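Consider the two complexes below, in which chain A is the common component and chain B and chain C are the respective partners.
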Partner chain A sequence: MTMVSPQKGSQQPSDRGAARPTAPRSRRVWGRPDLYTSYRQDMAMLNTRPKQLGVLAIVVVAAILPFVTSDDLLKILGTGLVLSIGAIGLNLLVGYAGQVSLGHAFFVGVGAYAASAIAGDPEGRYIGFGVDIVPVWILGGGIAAAVAGAIVAPIATRLRGLYLAIVTLGLVVIGGYIFTEWRDLSGGAQVGREAPQPVILGSDLTVDGAFTQEQKLYWLFLVVLVITAVLARNVARSRVGRALAAVRDRDVAAGVMGVELGRYKLIAFVLSSFFAGVCGSLLFVANGVFGPERFTLLLSVQFIAMVLIGGVATVSGSIMGAMLIALLPRISAELPSFLPFITSAANEHPNIFEVEIALYGALIVIFLLFEPRGLFGIWVRIRTYWKSFPFSY
Partner chain B sequence: MTTTTAPPSAPGAHAATREPVLRVEDVQLRFGQVTAIDGVSFDVLPDELFAVIGPNGAGKTSIFNVISGVYRPQQGSVTLDGKRLDGARPAAIARRGVARTFQNIELFANLTVIDNLMLGRHQHIHYGTLSALAWIGRARRQELVHRRAVEEIVDFLDLAAWRAMPVGLLPYGVQKRVELGRALAMEPRLLLLDEPVAGMNLEETEDMARYISDIRGELGVSMIMVEHDMALVMDLADRVMVLDFGVPVTTGTPAQVQRDPRVVAAYLGGELDAAGDPTDATAAGAEQVRP
Partner chain C sequence: MTGFLTAVSGGLGQGAIYVLLALGFVIIYKSMKVVSFAQPAFMMAGAILVSYLTPRFGFAGAVIVGTISIGLVALAVERIAIRPMVGKAVFVIAIITIGVDIVVRVVAGAFVGTDPLLVGDPWGLDTVSIGDVQVQQRHIAALVAMIVVVVALMLFFRFSSMGLAMRAAALDQEAAMAQGVSVGAVFALSWALAGGLAALAGVFAAAGNPIDQTFWVVALAALPVIIVGGLDSLGGAVVAGLLVGVVESLVRAYHNDLFPNLATNTGPLAPYVLMMVVLLVRPHGLFGTKEVERV
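Let's look at the complex of A and B:
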């Protein structure tokens, strides 16, 4: 404890001695930010009062949302929360470590099948071990995907840029084949298998009780997302996160600084895959059934879109991007009432499904051109504007 | 002040009795048919500031790349404290205590000054990925301890005004200083400075010269410096090696080197080209270098 701050010290009874008589903590001056009095404060995850209050407010609003929102919107939001976990994972790999991967869907799939197998009915038609306790199969899905990541990483770490993207693209194709053909595990094409049953303390969350299924699952997803977001932020500000950024920015210099390039690319892959696996384990719980055709390149591209639209190398940006992508079908479903030439009938053109696909592409292009830092960048602009208001700079 | 407390005359005086920190012996580096450095040998003694000079393309930076493990020489050996260095990977060499700066700044542009310096301490921070995920106990304690060490370097190099800024946004002279700080954060045994004052104005050069002599005086690090600013080299260096086309021309004190006609010829391409043929120069250089 070399750098206990005056404040921290004064809160501990043992330190309250002669050195600090009864001088009360000075009153905060209105309009002036708090000063850091210790490195610990400076290094804190939420290192300013507005950040602390803001995040608290967002979490509280997110937690009470199920009471005021319809169940079908809640289901979409819940999916967004789960996708956020995967987007955070991909952002660790693409944003922080700078390794472009199109293989995220594969790891999501590994997590989904591992979790389903762990929680699955041992007497059922597909592989199942009957352990339907939620933390067990979430971790199981994550660890299975992390192992898959560790197997793939030694090959992938020899490549970079476009070559890595192509290799990871191959992963999706190989994975798609395995998932489709391994019928004992996946149920095969167009059939699918049941998603894991979410059971916490003996009660099945998919059974409506005092709260509906959607409400309970939403809360579960929210809790898991908050945990993963905290873990990811911790990694990002740690020795590991700095090493990942070093590998991304200047790999030669990183090596000369003592950062083992291969090792940190491996860590990036394993962490990213773990988060993908956790995402996969939860992704289909609300639907109940999923088939192998879910883990195609389209899912990978959706994750890339979340990262690019949300903000590269930011955790909060990943969440914003994932929520936007999850809400996109809903947004395009609302479009016909504003833009009459778009129809909601599938046999007419342009219909909302086509518009939805086009919106992915358009959003990626627009963000890359006009705000490469994504939604997070927009937020930063708003913040800086209001910081110096009414002066423009 | 620092230069008076440190023993700047010591390296010369006790040179014979002390074990060298770094010994480079007969190193040859080729890229295909091009020989970048050929038959380079030198020792660097404890606390010594050894300068390498030579015209553009003489192979000065290549020597740094060989020492720090970016290139592997085809022939010869590099030993640090009596143990072989060549053939090891850059990260392993960094752990042995070799730090360097780069001619064209190689900072992590998106990270803050503090984070860049913390990366310099990467090898001294010991906690794993799982500990990093949780950020409790060991990880947090280590970060605090090393943050303090980094802040001392911030003070040492007067970087306080920029500490929280991404280094990509900083002026050139400050970036050079951050890079020096990042190398210092590694607590090196041997520091390689690749053109520390290239592109700097007089004031910035003087600042950098002061930091370099402070590093010698206060930290006692052996240094090899590649630099084109002759005034700086002649003022700061204990010994100078002159390279030309990858071949050592001569090694000696700044005064000796300045008087050497072969050095003048290497820089100006003078009449000695006719009289002293390259093989002669090579032989003379090698003879000078041998301890």
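Let's look at the complex of A and C:
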């Protein structure tokens, strides 16, 4: 990528947005898609025409997918969309800021319970405030998780690397206990409580109408995902994102350059928890019921797997990874027809449930060994191959 | 007072199991600067393997064969999954060990079956009386085994040439290589030792109770132990292991007096809460080396 800045100094990037530079408008040179004539162009969210068109095409395809897909597959894809939100959040923390957290399941849980409590029936068996407006309980779940993140962050920002990973693992254990024990909120182990009702403009999305429940929920999830993905991408390319990358690459150097380490680690934690909370608020809407045993270490590891399999420090990679992980149960359910030694009976071995869990582990190991940049890295290779076709480099 | 001493004795027994696990974590950490999250899987695999071997070799023979076998499995894992990653970011290697943990655990879990699986230890839940206190034999056995292992490790690190090589590699990898230490052999041996220790811990953790699919969770409590003791301190692992074991056992015993409103026992939480408290005061654990950042 080349960057030409004809008037150096007058085009300093302005992150506050208040003082837009009055530099001459940048223009694209026809036939030279990689030539940027301004810093603004280089830092744009989608900085090439193929990216703009490609993303538009993907969003359009995703939006019309419910018309051509069966409902059971749509439900899995919808779960993938929701998991993508959480994966993007974890990627902000792990990928962009370099803070390894195994505690994502805890924040997802906080978001799920906060949203259920806000939307819950005030007359019901569990805590509920009866505000069933969708944006309210989604934001409520996100904010509750963000507050939890802000409470944890002072401990977490003192720690680095593996110490942090183990402490956040402890968070999942302690959180799991609280969720199980607080029966008024969670319904207790093996019982669970109802997920929030997705009601938009008076119509309940879980009731089949002109469109089925799966179709309507899928669109809801897609809209929320697009909003959060744009948000995350904007954070990543802003002052905050650059500060987080500096903290990740060398925290001492970042500190010397004037990046306040504590502040930016706090920001990373709060943002990541917020995304986790939004993910949690939507994660069980399709199922309707969820119990406290969902928020275990396995869920955290699944999110880690999404980030690593998808691609560290990429938003699109997070979505790809989450989709793959969401499809994994379906893939392993199809396996017995190809590999006869795998059974679908739970009391025989090796069964599909074991294969599914083992696949998480195997995929993490295989990707880290052979494609550390994840699915996104595979895409980059394909792109580079065709860009320079027929030359190999 | 009797109740208190019973709880302490049970805690020391549980703590001995934590010490065995934590020593494995610390040995790997000292050689590679990586926390291996695969230890729970090796512990579970060890206990299950021993329970399959006991009918053939007898308990003592099964423990020896099982410990060595899991050590070899750990060696193979290091060779296949970890060695190619040497030099990469530590958290990447740590995450790989999580992946390894999941795979090994699922494979081992497939052998649990529906019948209660027992390691075939001679102690069960029998007790001996020391004064007024009823002490479980399996706790005494775990404590004795732990002391034997710690002494053996101490002798190994102090007096054998391989032990010296491991200490040298832990202190400064490049300098050790320059002196002719095979750092690869050090990595391999540290993983084998850790695997064997985890398997041994698994045997004592499984004594008296059947093994089930959630057996590995016991080993997670060894993570707070290494944090409390300090990631790179073998002595810290011993002290913190016993400390965490005793604290957990006391909280478990006095749960109803401490928290009458909470139905679920808070014992399993105690290690994690203790870890958080210690970290607030000492971010590198009780005996860990303080990290010095050079700019």
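Note that the second predicted complex is superposed on the first by the 357 of 393 C-alpha atoms of A that agree within 3 Å, B and C clash if a C-alpha of one lies under 4 Å from a C-alpha of the other, contacts with A are read in each partner's own complex, and residues count from 1 in each chain.
Definition applied: a contact is a pair of C-beta atoms (placed from the backbone, for glycine too) under 8 Å apart; a residue touches a chain by one contact, two chains touch by 3 or more.
Please read these numbers as outputs of a predicted model, since none were measured by experiment.
When both complexes are overlaid on chain A, chain B and chain C end up sitting side by side without clashing. In the superposition on chain A, A:Leu271 makes contact with chain B only, while chain C stays out of contact range. Judged by the touch definition given at the top, the superposed model places A:Leu231 against chain B, while chain C stays out of reach.
Legend: residue contacts after superposition of the two complexes on their common chain; A:Val167 is shown touching chain C, with no touch to chain B. With both structures placed on the common chain, the touch criterion links A:Arg242 to chain B but leaves chain C unconnected. In the superposed model, A:Val256 makes contact with both chain B and chain C. In the superposed model, A:Arg40 makes contact with chain B only, not with chain C. In the overlay built on the shared chain, the residue A:Gly209 is in contact with neither chain B nor chain C. Superposing the two structures on chain A brings chain B to within 7 Å of chain C, judged by their nearest Cα atoms. When the two complexes are laid over each other on chain A, chain A has residues 252-253, 256 in contact with both chain B and chain C. Interface residues of chain A, counted against chain B in their complex, comprise 2-3, 39-40, 43, 45, 231, 234-235, 237-243, 245-246, 249-250, 252-261, 267, 271, 313. Residues 100, 155, 158-163, 165-167, 169-170, 173-174, 177, 180-181, 252-253, 256, 297, 301, 304-305, 308, 347, 349-350, 354, 357-358, 360-365, 368-369, 372 of chain A touch chain C in their complex. Those residues of chain B lying in contact with chain A across their complex are 68-70, 89-91, 93-95, 99-100, 102, 106-111, 115, 118-120, 122-123, 125, 127, 129, 132-135, 139-140, 142-145, 147-148, 151, 182, 186. Chain C contributes residues 34-35, 81, 84-85, 88, 90-92, 94-96, 98-103, 106-107, 109-111, 114, 220, 223-224, 226-227, 231, 262-264, 266, 268-269, 272-273, 275-276, 279-280, 283-284, 291, 293, 295 to its touches with chain A in the complex.
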